[in-house]
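Naming follows writing order (A, B and C), and every chain is counted from residue 1.
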Amino acid sequence: MQFRLEKRQEPSKLLQVLTPIGAVLVTMVLGGIIFTLLGYDGLGAVREIFLSPLLNAYKWQDLAVKAAPLIIIAVGLSIAYRANVWNIGAEGQYIVGAIAGTGVGILTNDMTGWWIMPLMMLAGVAGGAAYAAVPALLRVRFRVNEILTTLMLTYASVYLLNYLLAGPFKSPTSMGQPQTVMFSADQSLPYIIPGTIVQLNALLAVIVALVAWLVFSRFVFGFQVRVVGAAPHAARYGGFSADRTVWLAMLISGGLAGFAGILEAMGPVGRLILQFPAGYGFTAIIVAFLGRLHPLGAVLAGLMVAITFVGGEMAQITIQLPFAAVGIFQAMMLFLLLASDILVRYRVRSVRRAEIAT
Amino acid sequence: MDISLTPRLQLHGITKRFPGVLANDNVGFSVLPGEIHALLGENGAGKSTLVKMIYGIMQPDAGEIRWNGQPVVIHNPKAARKLGIGMVFQHFSLFEAMTVLENIALGMDAKIPARELEARIRQVMDQYGLHLDPHRTVSTLSVGERQRIEIVRALLLKPTLLIMDEPTSVLTPQEVEQLFVVLRQLAREGCSILYISHKLHEIKALCETATILRGGRLVDTCDPRVETSRSMAEKMIGGGLKDIKKPAGRTLGAERLVVNRLSLPGAGPFGIPLHDVTFTVRAGEIFGIAGVAGNGQNALLLALSGEELSRHPEAISIDGAPVGGLPAKQRRLKGLASVPEERNGHAAVPEFTLADNTVLTARDRLGMVSAGMIKSSSARTYAGEVITAFAVKALGPGSTAGSLSGGNLQKYIMGREILQKPSVLVVSQPTWGVDAGAAAAIHQAIIDLAAAGSAVVVISQDLDELLSLCDTLAVINGGRLSKPMQVEGADIEEIGLLMGGIHGEGAVHAV
Amino acid sequence: MSSDIVIAILMTMAGAATPILLAALGELVVEKSGVLNLGVEGMMLVGAVITVAVTLTTGNHLLAVACAAAAAALAALIFGVLTLTLSANQVATGLALTILGTGFSALFGRPYTGKSVPTVGSPFPAELATDPVWRLLFGHSVFVYLALIMVVAVWWFLQRTRSGLILRAVGENDLSAHSMGYSVIGVRYAAVAFGGAMAGIAGACFPLALTPQWVERLTTGKGWIALALVVFAAWRPFRLAAGAYFFGLMMIFEVYAKSSSSFRVLPSEFWAALPYLATVVVLVLISLRREGSSSAPACLGKPFIAAG
């Protein structure tokens, strides 16, 4: 017996939905085995990381907290990747967005008014978009690969944050700590479910995903993004400008990453600190793929990945599993999803050896 | 047994099945030593699949191959070359960024020191009059020169069977003659030649035996020198030939497309620039542009469709209005439709549904968009109309373009543009890789469109197609267009010279 | 500046340049075969952490480097199975490899965090390197010499051997190479494994020659700079070496910014960010050169699926 791949006439829509679920399930099985072999409690790791956060109702609010930035960033990345724009520097745009919004926050820290919060958010979006505009410009004007530039700018953004926290942004009352002032009440996201830690950013994440889905599926802009990504020559033939699409994809993905950044600063963190870059921008890449580059998929995938984060934190305490294990599980999910892609496009047929030999 | 009586190659009951297609069904024939044997058939008749099995690229599902009388299994091209089988592909397997010498070295199975290889190359070139500088980079060579590399590469192995897959589709008539001289010399030296083509006059001129395939089956083995072109064509196509209905005594109307001294720099490192291209197409006229591939046809199509913009708006006008500076979207609104040569990824998005593929080019002319939103129902309706009107074999507007066969997709694309009733239609290679039935339908649709008063430009490498379809013809070479001539009474010899570059060899390389 | 400082700068520069040169040489071969593996950073981290573990357990440097190369090559082969056998998207898979390598090294390196690792010295007798000028020739870590030897070796392989010719052919036109009977997938697997091994050795440089201990994300983006370097060098080994030393220079400003007053004009964070910013600037500069994009292997990043 041997297996042969046969191209499907049409990519299977059903498998497109089923394979991410399959990837998660196989990750649980394979991850459990691998961690057992590495000398950890493999079964416990899978139980804690994938199931405990779901079974423990008290942890659901944590899921909302972790999922919100992942979803917002991943929605933007989904649009960019569909357009074949490989923005992998969302982490940097997230940081710069938070910096820009915090800049407004520092200036308005003593003021009151309803307008402060939207202004900070706007500054966050603008900051992220502006930071993404650099690689966009370089790609459109100079044909410089955006993978490398977005990533290099991410490293630079961390140093920018360090510099600002050590000097210009440092709170006068921080006793030498590299951090900004705490945001005031008018600068902090409200709690939307009383008695929980769920803030406005969770609601905004869902709204962002819904709006993106509507635009993507119903409007010419979504069509343009898909054509440019799938067949650039056809896009030009159809009268869509590739350069304009690159610009839009970069600005949207950067703007949303910046939005997520300032929401995180105004919400769960409450100020800017050295530990602010938590890697959401990188993890959102996994979320975007796991969500099949679909805005609504990003919501489900964001929750899924949030489960592993919350579960990883629980596993640290309950079974002393290092938090780095979460990264491995997340990478495995992405690997298995990418590996399963071939099933969407091809059908596996078993053939007898005799058929091949003759 | 006398060796000369043993066929060099014998095929028995060769069968090859692909998902949904029987590419070869019980095919068998023999090639004698020193024989020039034609393998004749339409696109999709199974010729390429058959020779790929002889050359070891694919394995037959059933059947036997005998080499000099002995049954053999040819596992891969290396094994084929070891037996003495050489092949020159239709699409050259060349490496653009490498030199002629490196390219040839890659085709050799044995490791030969560069200096010795160069000496052997020069010797083969002298012997057959194939001249090339071994240190030139392939990307700087013309198509004819590139084919010479392939031939030299095959000849270095001293093959006893040489397979030529559609070798003349990219050559000028003069280059074809030179090639035939080489092939006849090889045959005299005892090398068998399997010559794949669908061009009947070439086969009559060159071959001693012809095996005709249709729909994967062997139809006949005959002597092309005694057959008529028509009789062979009927065997090849099956049944009587369907002639194209061209309305007689048409009068041409007003000038619809005027191209006036259109020049464009070449796109990309290997792009061909356009120089002062000038021509006029009237209402009802079909204007053909002949030429060997890679002489600026792509650049011309992109310039006309609006995918590349001209610096001078008046270089192109439609119905008197200058459009040279307008992008594709605006030109479509002015009534210009175009169909590029490459179907997948250029004229259509293979991953998209047929309905979505109408949005690509018909959204503005047919009002498929309001307030930025796509009216998907009108896209589906229009896709359905195209499918019905052009007899496209597809499950419906929801099938992806990539699931259609080449011919069906081409019919769909042509239909999508023609049903928008363009005042000017520009098409490139309308029947490239399309089966005879679909080609006839496409030709008829072009003629009907012109009869309804549109101006049509057909860019094609197939001279026969242009001669049967067009009213007027011009030849493109090195990015320059010749003076248009009436097809009626046109001199093939002169067209051939123009295709070979009457502007001089230097025109391609000097710029 | 005294000559001692100049020599010290040159010595640090060579050290800083070496890991990116090694990794970039591996990636150059991978890309020449038509594959884009963005997992260099992850493979370097795998190499680095394995080196630390093996060195601290066995004390054998050679074994440590060999294990690093093997482990990183194994990681590269995961990438190979996905992109070559299963024809998955190379960009996404490369990113996944980096995420995996980062996670794996963080987990695996925990027991070794902060422990000091014995470094490797020069392969030459110490007497040769007593004079400062002689030290410039004979006083580097063994990796510096290895990297320079590999530059010549990779050039020789690509330009002068038949295997190198085949590898370039596969990257230039996979369909033609396949139709000529060359194993496109096989060649690419070999190239990907080589690229992994080189990234593993590059990772070994960090604990053994630069920062003698394990910390999370030890390689701090040098793998990505290596990727940029390949583009910068237009896929040419000698230009790669020059580029690596240029980046080496960019990287050591940070070290001197802390000690020397002449760097205080700008904040130390700027000097730390300089290599990344310089990468962006250099990418722009080379894009202005006409040959820029056309020298890329024609099949770079495109999956190959054999027919039949």
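As a working rule, a contact is a pair of C-beta atoms (placed from the backbone, for glycine too) under 8 Å apart; a residue touches a chain by one contact, two chains touch by 3 or more.
Note that the structure is predicted; figures quoted are calculated from it, not measured.
In terms of inter-chain touching, the protein chains here all touch one another pairwise. A count of C-beta contacts for the chain pairs A-C and A-B puts A-C on top.
Between the Cα centres of subunit B and subunit C there is a gap of 45 Å.
With centres set at the average Cα position, the gap from subunit A to subunit C is 28 Å. The distance from the centre of subunit A to the centre of subunit B, each centre being the mean of the chain's C-alpha atoms, comes to 46 Å. Multi-chain contact residues of subunit B, defined as those touching 2 or more other chains: 59.
Those residues of subunit C that touch subunit A in the shared complex are 38, 78, 81-82, 86-89, 91-93, 95-97, 99-100, 102-104, 106-107, 110, 216, 220-221, 224-225, 227-228, 231, 267, 269-270, 272-273, 276-277, 279-280, 283-284, 287-288, 292-293.
Put simply, subunit C touches subunit B in their complex at residues 162, 165-166, 168-169, 172-173, 175-177, 179-182, 290, 294-295, 298, 307-308. By the touch criterion given at the top, residues 6-7, 9-11, 218-221, 223, 226-227, 230-231, 233-234, 236-239, 241, 355-356, 358 of subunit A touch subunit B in their complex.
Those residues of subunit B lying in contact with subunit C across their complex are 52, 56-59, 76-78, 81, 89, 92-98, 102, 105-107, 109, 111, 268-269.
On the subunit A side of its complex with subunit C, the touching residues are 38, 86, 88, 134, 138, 142-145, 147-149, 151-153, 155-156, 159-160, 162-163, 166-167, 282, 285-286, 289, 322, 324-328, 330-332, 334-335, 338-339, 341-342.
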